[in-house]
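The same subunit A turns up in both complexes below, where it pairs with subunit B and then with subunit C.
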Partner chain A sequence: MKTLRILFSSGKVVFGLSVFLFLFIGSITFTALSSKDPTEMVGNLYDSPSKEYPLGTDNFGRDVLVELIHGIKTSVIVGLSAGILATLIGTIIGTIAGFTGKWVDNVLNSLTNLFLVIPSFVILVLLAVSLQKRSLFLVTMVIGITSWPWTARAVRAQASSLKTREHISMAKLNGKGNLNIMFTEVLPYMLSYIFMVFVIQSAGGILNEAGLSMLGLGPENTISLGVMLSWALNFEAVRTGAWWAFFPAVFSIAVITFSLYLVNIGMDEVFNPRLRK
Partner chain B sequence: MPGNPITGIVSKMASGGAPSDVLEKLYNSYIQEFGLDKPLYIQFWDYLVKVLHGDLGVSFSLYPIRVNEILAKALPWTIALQVPSIIIGWLLGNFLGVTAAYKKGKFDSVLFPFSLFISCIPYYCLAIILLYFFGVVLHILPTNGGYSMNLVPSFSISFILDVLKHYFLPFLSIVLVTIGGQAVGMREMSIYELNTDYVNYSKSLGIKESKIIRYVFRNAMLPQITGLALSLGTMVGGALIVEIVFSYPGVGTWLFNGIRQQDYPLIQGGTLLVTMAVLTANFFIDIIYSFVDPRIKASQIEE
Partner chain C sequence: MENFNKPILDINNLKTYFPIRRGILSRTVGYIRAVDGVNLEIHQGETLGLVGESGCGKTTLARTIVRLDQAKSGSILFEGNDILTKDEKNIRLLRNKIQIIFQDPFSSLNPRMTVMDILTEGLIEHRVIHLRQKKEEALQLLNNVAMDADALHRYPHEFSGGQRQRISIARAISTKPGLVICDEAVSALDVSIQAQVINLLIELRNEHKLSYLFISHDLSIVSNIADRTAVMYLGKIVEYADTSTIINKPLHPYTKALISAIPRAGILKEKRTILKGDVPSPSNPPSGCRFHPRCPIAEKRCSEEEPQLEEKNKNHFVACHLIPTSKNSY
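Up next is the complex of A and B:
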């Protein structure tokens, strides 16, 4: 509770979180309550914004505003799920490597470094190309699986510095098992840090989805912000001046990632005494 | 990805109107030429042997052009676009980051949120906006390609000017986003450094501000170099997508074409090339690091 109070004393955290939650919860409620079908064709190719369709229509004559709301929902869900997956894998590998040390650390650390240096973009493309069907779920999995090394590296550093603390030695003297110590003595001390990593990974997940979609490897039969951008690009919205077909998606991606980064920076200032004013 | 690429090649030929038994023969001969009738592990082994001999195979979509040829034409464009823009963006971003951390006040409070916001926009999103604004609304810069279609590549002044005009927008979008990201990271590193003893001592000695900033810059830069090595893959990936936005004739655009047309040899070749390039760049960054930070070399000599 006290941690939460300190957290919310940071303007950056409050602002970032409110923007993010507003967009996320807003889009979920809208899609749950409204019966408007984002794939319904209501107009012609690139109708400019009007009273009825405030953001005009896209290349298939669909209402951009409805699409945008569905897109925000999909992109945020992809980002959060990929973020959870990447954080989970990374935390497990990082904690085990950092806490156990010795040869286990050597093996896991080399593995992490190997995946860090190979551009994850390439692995992402190759995995997505080889998928038979790119459902939303599979694309999310691929993004999560390719972005864990960052988490692993960050968590490992934390875990190995915690290893030498006195309360760990106490727990060892008390005869606690390694697994037990990891869960009760190591992980709780890293929670705030892991959460910060998760926030960044989620932002990264949203960007990765957009990037994949721009390459034509995005989720099929779904509307996400990236898919909207790739349509706009393939159907020449930019060069024909149909700004309403791409600008809302670009702006939403920027605002969502900005709000997540803001939360991360705010948390950093709260938890990191050297940055505290 | 579903669908057999060979069917694509054959159906392209079929549009000329050939009898079906000829098509059947054609299909089989292509399957044999690409080695698709062999078991998967033999195909993979053949591929590895070929790659080690520097042969990336034949493109499906542009048959019979070799992947090597396509990539050899594309690579100079990509290198000329990415290397200068990432280096310049990195240097400018770091410089701005240190200055913001040191000066604080107004400079920082304007620059920091701005760099943060711009660093959250992916390269290709900024590219789309710049393209729309400068190319479509203002009509002052070309909107696609590496040079105008009506010009023949040569070393004439008009051609070089034309290439530069096409170069400017993709370059700017990569530089701006890199500046934003680096400035945010460097600012944080510098705040750490500013609390150290040597900075306080230099201040009390009355050393010039610009000189202290230079000290801080050199120390805070070390983690930034490591950071560059680690994030290079992501940066290059994003920059490749910028090429797609501008239909820039580089590796990214070819990769995109390959994906659209299920041209597996081209996709494999392109991704392999990108991986090798990033690994090579990382290798050089490691070497540079040992020059910038003499402690690394010293510790190795002791061992």
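Up next is the complex of A and C:
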């Protein structure tokens, strides 16, 4: 409770979180309540913004604003899920490696390093290409599975420094098992850190999804911000000057990731007193 | 001196080395000989003081006894059983019989646990008490170390250093151990608090028939609590005798230097033996007697031949070539 209060005393956290939640909850509420179908063709190719369609229409003559709201929802959900997955895998591998040490650490660390040096976006593309059907779930999994090494490395460093603390020696002497110690003495200390990592991973997940989708490797039969960009790219929106087909999506991606980074920076300042002004 | 019978802890030729690894294949290129052939005995109800400069291996010795560090060779018999040969499962049973109090009361208590949880952690883990008895037991333990009952639901950061060290002590005696290792247990405290905590330790020793291994860099503190004292230098014991003998009739030049470093009224500064230099690296100890580069009385022989711990007087063991063995010692 106290931590939360300190957290919300940071303007950056409050602002970033408000923007993020406004977009996320707003898009969910809209898609749940509104009967407007984003795939319904309401106009012609690239109608410019008008009173009826504030952001104009896209290459199929669909309402860009409705698409955008659906796209935000999809992108954020993909980002958050991929973030959760990457944080989970990274935390498990990092904690075990850092705390256990010895050969376990060597093996897990080599694995992490291996994943770190292979450009993850290449794996992402290869995986996405090789999949027969790319559902939203699969794309999320692919992003989550390729972005954990960074988390693992950071968490490992934390865990291996925590393990030398005397209260952990104490717990060992009290006969606590390793798993028990990891949960009661190591993980609680890293929670704030892990949450920060999760925020960054989610932002990364949104960007990765956009990148993949723009290349045409995103989820099928779904509208996400990246998919919108992909259409705009394929149908020459930039050359024809139909800025409303791509700019709102680009802007949304920027705002969402920026708000998440802002939350992260704010949290860093809260948890790391040296950064406080 | 009281009459002590069988040793509760018997350490024989204990060695704890830490490998120095280099290169991508982590080849072992040498060892840090933190503890290098230590023999010690602690009897039931006795307090053994262990003094030495920082970096001489005192803490490693303590951590080896509780198996936080792995010994390379030698044996540690606790109540007749060798601790070092036990596997993980058996060592867990043994762990509540040997407890340790660390130097830093700020890092040795988990800041996210209440005092009640800290005190009863070991008891509950070893299923000595039921969860229902937790509060009662914790109250009893707090009472033992003269702390109020309202400490029960508070967190370690709400207490001062001395109070925290009392909590550490209460935790250490919670499992009714036979041996408590105090690793610089009072060094982080104010002088006035040090005295309180030492008195508390003495009280508890008499009440619960505890044995202590009392580790400190400060000989004057050790002299207040220890029955016998061992002086350690660079992984080895250099002198070992009754505390009063060590203080009043030290034989080893290193012990003499340590004692002359104790500030005392009436002794002029010029009379003190000031040691030159630092403790050498334990990865590359000097040849012969490890103390010879800093020894004020060293001879040629000292750099060639390693002295063994010998009984120079009755119950007075010294590792030095230049101290004659007294004729009437046997």
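Note that in this section the second predicted complex is superposed on the first by the 277 of 277 C-alpha atoms of A that agree within 3 Å, B and C clash if a C-alpha of one lies under 4 Å from a C-alpha of the other, contacts with A are read in each partner's own complex, and residues count from 1 in each chain.
Here is the rule we use: contacts are C-beta pairs under 8 Å (C-beta built on N, C-alpha and C of every residue); 3 or more make two chains touch, one makes a residue touch a chain.
Predicted model, so just to flag it, every value in this text is computed and none were measured.
Shared-chain residue A:172: touches subunit C; no touch with subunit B. Shared-chain residue A:118: touches subunit B; no touch with subunit C.
Of the two partner chains, subunit B is the only one that A:129 touches; subunit C does not reach it. When the shared chain is aligned, no partner comes close enough to touch A:14: not subunit B, not subunit C.
Contacts of A:188 after superposition: subunit C is touched, whereas subunit B is not reached.
Once the two complexes are overlaid on the shared chain, A:42 sits clear of subunit B and of subunit C alike.
For subunit A, the partner touching the most residues, choosing from subunit B and subunit C, is B.
No residue of subunit A contacts both subunit B in one complex and subunit C in the other. The touching residues of subunit B, counted against subunit A in their complex, run 1-2, 116-117, 119-122, 124-125, 128-129, 131-132, 135-137, 143-144, 188, 191-192, 195, 229-230, 232-234, 236-238, 240-241, 244-245, 255-256, 259-260, 264, 267, 271, 274-275, 278-279, 282. Taken together, the subunit A residues at the contact with subunit C in this complex read 165-167, 169-176, 184-185, 188-189.
Those residues of subunit A lying in contact with subunit B across their complex are 116-122, 124-126, 129-133, 203, 207, 210-211, 214-217, 229, 232-233, 238-239, 241, 243, 246-247, 250, 253-254, 257-258, 261-262, 265, 268, 274-275.
Taken in their complex, subunit C has these residues touching subunit A: 63, 66, 68, 92, 95-96, 99-100, 102, 104, 107-112, 121-122, 125-126, 171, 175.
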